[in-house]
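Chain nomenclature is as follows: A, B and C, assigned in order of appearance, with residue numbering initiated at 1 for each chain independently.
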Amino acid sequence: MNADRLPDLNHLSDELFVPVERKEEQLETIERPSLNNWQDAWIRLKGNKGAVVGLILIILISLMAIIGPSLSGHTYKEQNVAHAKLPPKIPVLEKISWLPFNGKDQDGFDMYKAKNVKEYYWFGTDELGRDLWTRTWYGTRISIYIGILAAAIDLLIGVLYGGISGFYGGKVDDIMQRISEVLMGIPQLIIVILFILVIQPGIMSITLAMVITGWVNMARIVRGQILKLKNQEFVLASRTLGASNARLIVKHLIPNIVGQIVITTMFTVPNAIFTEAFLSFIGLGIRPPEASLGSLVNDGFKSLQTNPYMLIIPSVIISLLILSFNLLADGLRDALDPKMRK
Amino acid sequence: MLRYIIRRIVYMLVTMFVIATVTFFLMKLLPGSPLHNQEKLSPDQQKIILEKYGLNDPLPVQYVRYMGNLVKGDLGVSFQYNNRPVSTMIAERIGPSAVLGFQAVVFGTIVGILLGIIAALKYNTIVDYGATTIAVLGISIPSFVFAGFLQYFLAVKFPIFPVADWGGFKYTVLPSLALSVPVIATVARFMRTELLEILSSDYIMLARAKGVGKRDIILKHALRNALIPIITLLGPMIVNIITGSLVIENIFGIPGLGDQFVRSIMTNDFGMIMGTTLFYSALFIFMVFVVDILYGVIDPRIRLTGGKKS
Amino acid sequence: MENILEVKNLHVSFDTHAGEVQAVRGVNFELKKGETLAIVGESGSGKSVTTKAIMRLIPSSSGSIKEGEILFAGKDLTKLSDSEMDQIRGKEISMIFQDPMTSLNPTMTIGKQIMEPLRKHRKLSKVEAKKKAIDLLHLVGLPQPEARFKQYPHQFSGGQRQRIVIAIALACNPKILIADEPTTALDVTIQAQILELMKDLQQKMETSIIFITHDLGVVANVADRVAVMYGGQIVEIGTVDEIFYDPRHPYTWGLLASMPSMEIDQNEELKAIPGTPPDLLRPPKGDAFALRSEYALKIDFKYEPPVYKVSDTHLVKSWLLHPEAPEVEPPEIVKQRIRLMPGNYKEPLLVKGV
């Protein structure tokens, strides 16, 4: 609202009624610096608490996955049966009795004393005496690696397939669409299981199995975006706005496609991590002495009643990992949704 | 409408055909045969068995016979259990899985819808954030993790429910609960998005301009339109339930199809594995088909114009 | 003739990420019984927001009425609760929207949608409501209403859907009908039919209409009075003759000058109004239109203009009517059409209390 309301109308200076030179350029200046797509999205993303939490968690966990194993002084596979089944024990934190890091098991029995162990095993040990801290972070590495690899390959195939299908249209598009519709009708997990049965499980085979039908979703999204772009081009042509505006449109639409691709990828990663964990659970996953979060959870189940920490720790980490990717992906999707731009 | 149905049927058959073929060829690549546990047999006896199952015939012949068998409902034999027919074994075990699956879907869908409605109505408030967080957690925490927690806290530490096994309603509570979590999460998220979009649509504004009260807007206009697309979730939901069951039945010792499937994987009983995967696929594909038809019936835009949404 | 609606000093703002957007900044007008008031202006001028505010259809999560009164039937609509407004919407004041393709619930039969206000406001039974609904459909010119009663919106064309929407709006004989660009999304021929229909129904039912449009041709066709909006304010308001034949605000000149018509000289250029609408996040100081006006005075950038009365019915918000303002000539095209208006005062009169 105008702060200076009407002055006394009878006592206005004459010179106020002088016409103003109007300059053409002034007219086209846009009042507020218009945020380009990315800046606006970034602001909204930052405002989304869930997404921020997710991002921080991802960074933290990834960091631990990288440096964690080297911190403990053990490797992920060295066994020391004498030190088997020790509960977690962390210096300093062990003083806090209600935290589960004091080296005492379910019944309050100090296993370390009983077995005369001087070292601290931060996450405890498993039934073969392997250090769980190292194994857990090593397993995290594997899980993240598989997740990202699967998402990357999905992206490659999906973008190519969807791009070709959408760009060429017509018969090519029709046929390609029929094929992918059929593929979508087959439950992905079934294909994955069948595949792994034929090719023995390992990091590469698991990733490959996931990618066989995984790319279909990405292809669908990319194709959808391209079709949208094509439509807008026609409108553009019919408005005959000229080349410079075409560039503007391209500057806006390409980011949109990239945006959708990023979002879809962000959702693929946790899916892949989950699938791998699931496979491990039914025995088709990473085999020992290798470890992944899924295989660790699987191992942990066997000791649920006696040493729950073996289950809880990898469970918490894998849940956090998947959760943080989902939060970030959700936030990205909300941030890049044009309908939400206020 | 008829055109729509026919198109859906064709898709269903084509997809089933493809997966049956893929399964057949994978089967051929796998080691293992009905001879699996019968090494004690003499070569002659082995030959007789191979003859019986037609395993000495050329590939195309085997393929045709295989397809023919499928049509008749013959899913092959288990290599582990003395060549018992897979279909029989599936029939024996499907009961518990069906019960758990049904309970999970019904419970999960109802809770999910309620959660989604609440979140949408209280958009951008604490209630909304809370509900959406619960939903995100629901799809993030792997089902076996959740099952593990449930088992630990509600059966081991505080023995409210039985830890495992099968015997009555209370044995179904924890496993159904674990199975329903991803259902709740997916339905809630979907419902919230749908409802929010509908509530900001033109026709809702027109209804308000007619003087229709808030309560009626939601019950008579918004909800009906929001619930219709929920049906489309049923397909992926079935997949979720199936994959969940593999794990949940294992953890809770449920004598269901999922448990049997996992066992067959562990023991490399490829006959059983193939037969079961075929069954699961067929179930899923059929479910998708049913959903498509249902959707076409319920949405008047499709019902009355033959499949093209205006 | 008495006023059936009075809007006084209405201010409506929206809360956005970037801050408060002042969409309506002090709007005043009256609506008389049985008349059609057209509100014209470009996108973003605040015309839709004003009418949505009258209907109290602005979600409180997006924006609110910051100030002002809306007087109808002895009540101030800004002070009513939502359920009290529910009694007024659809019954005393109705509204129809621009896009007939999205205005109707796609999964409800049109019959049911028409019966809804009848059953709610008039408490009619199902049978009575159905009969009345069919009568209404006849009235709006929808062919074979009995047969099509149970059909769904997607089975009708755009023009037919708009007729149905009109039928719904007029079902309870409202005193005011607000039409927000009802013909913009329709073909020109259908447009003419719908406008004729509306005029016809208005005569039969004595409804007052607020007609929002950006099309001056439509205004000439239906309006008794016209309000010109810019930047969230009414810059000029008068009878349709006064606005077309004796406009005084540079923005109105701009609108009229950019309108092609058969009468103008072939050699005259159409004048487009240069520039873009103002940013209402930080509304400009002074006259909102000054930046784009070739008649802007220095004072236009300092102080908001006062309102002057050119006749009993013609008000203008511009510094150009101040006694000390220089004499200006409207653009050629507008000048050609100017006629003497008998109701004009000798000198424009300052309206106090603005």
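As a working rule, contacts are C-beta pairs under 8 Å (C-beta built on N, C-alpha and C of every residue); 3 or more make two chains touch, one makes a residue touch a chain.
A quick note: this is a predicted structure, and the numbers were derived from the prediction, not measured.
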item: Pair joined by more contacting C-beta pairs (A-C or A-B); value: A-B
item: Chain separated most widely from subunit A, comparing mean CA positions; value: C
item: Closest chain to the centre of mass proxy, which here is the mean CA position; value: A
item: CA centroid of subunit B to CA centroid of subunit C, Å; value: 54
item: Where subunit A and subunit C are represented by their mean Cα positions, the distance between them in whole Å; value: 49
item: Separation of mean Cα positions, subunit B and subunit A [Å, integer]; value: 25
item: Sites on subunit A at which at least two other chains make contact; value: none
item: In the complex, subunit B residues that touch subunit A; value: 11-12, 14-15, 18-19, 22-23, 26, 29-30, 132-133, 136-137, 139-142, 144-145, 148-149, 151-152, 156, 239, 242-243, 246-247, 250-251, 262, 265-266, 270, 273, 277, 280-281, 284-285, 288
item: Residues of subunit C touching subunit A in the complex; value: 11, 16-18, 22, 25-26, 274-276, 278-279, 281-283, 285-286, 290-304, 306, 319, 322, 324-326, 350, 354
item: Residue ranges of subunit B touching subunit C (in the complex, touch as defined); value: 123-124, 201-203, 205-214, 221, 224-225, 228, 299-301, 304-305, 310
item: Subunit B partner contacts - residues on subunit A that touch it in the complex; value: 50, 181-182, 185-191, 193-195, 197-198, 270, 274, 277-278, 281-284, 297, 300-301, 304-305, 308, 311, 315, 318-319, 322-323, 326-327, 330
item: Residues of subunit A touching subunit C in the complex; value: 1-2, 4-7, 9, 12, 14-20, 22, 24, 26-28, 30-32, 43-44, 47, 342
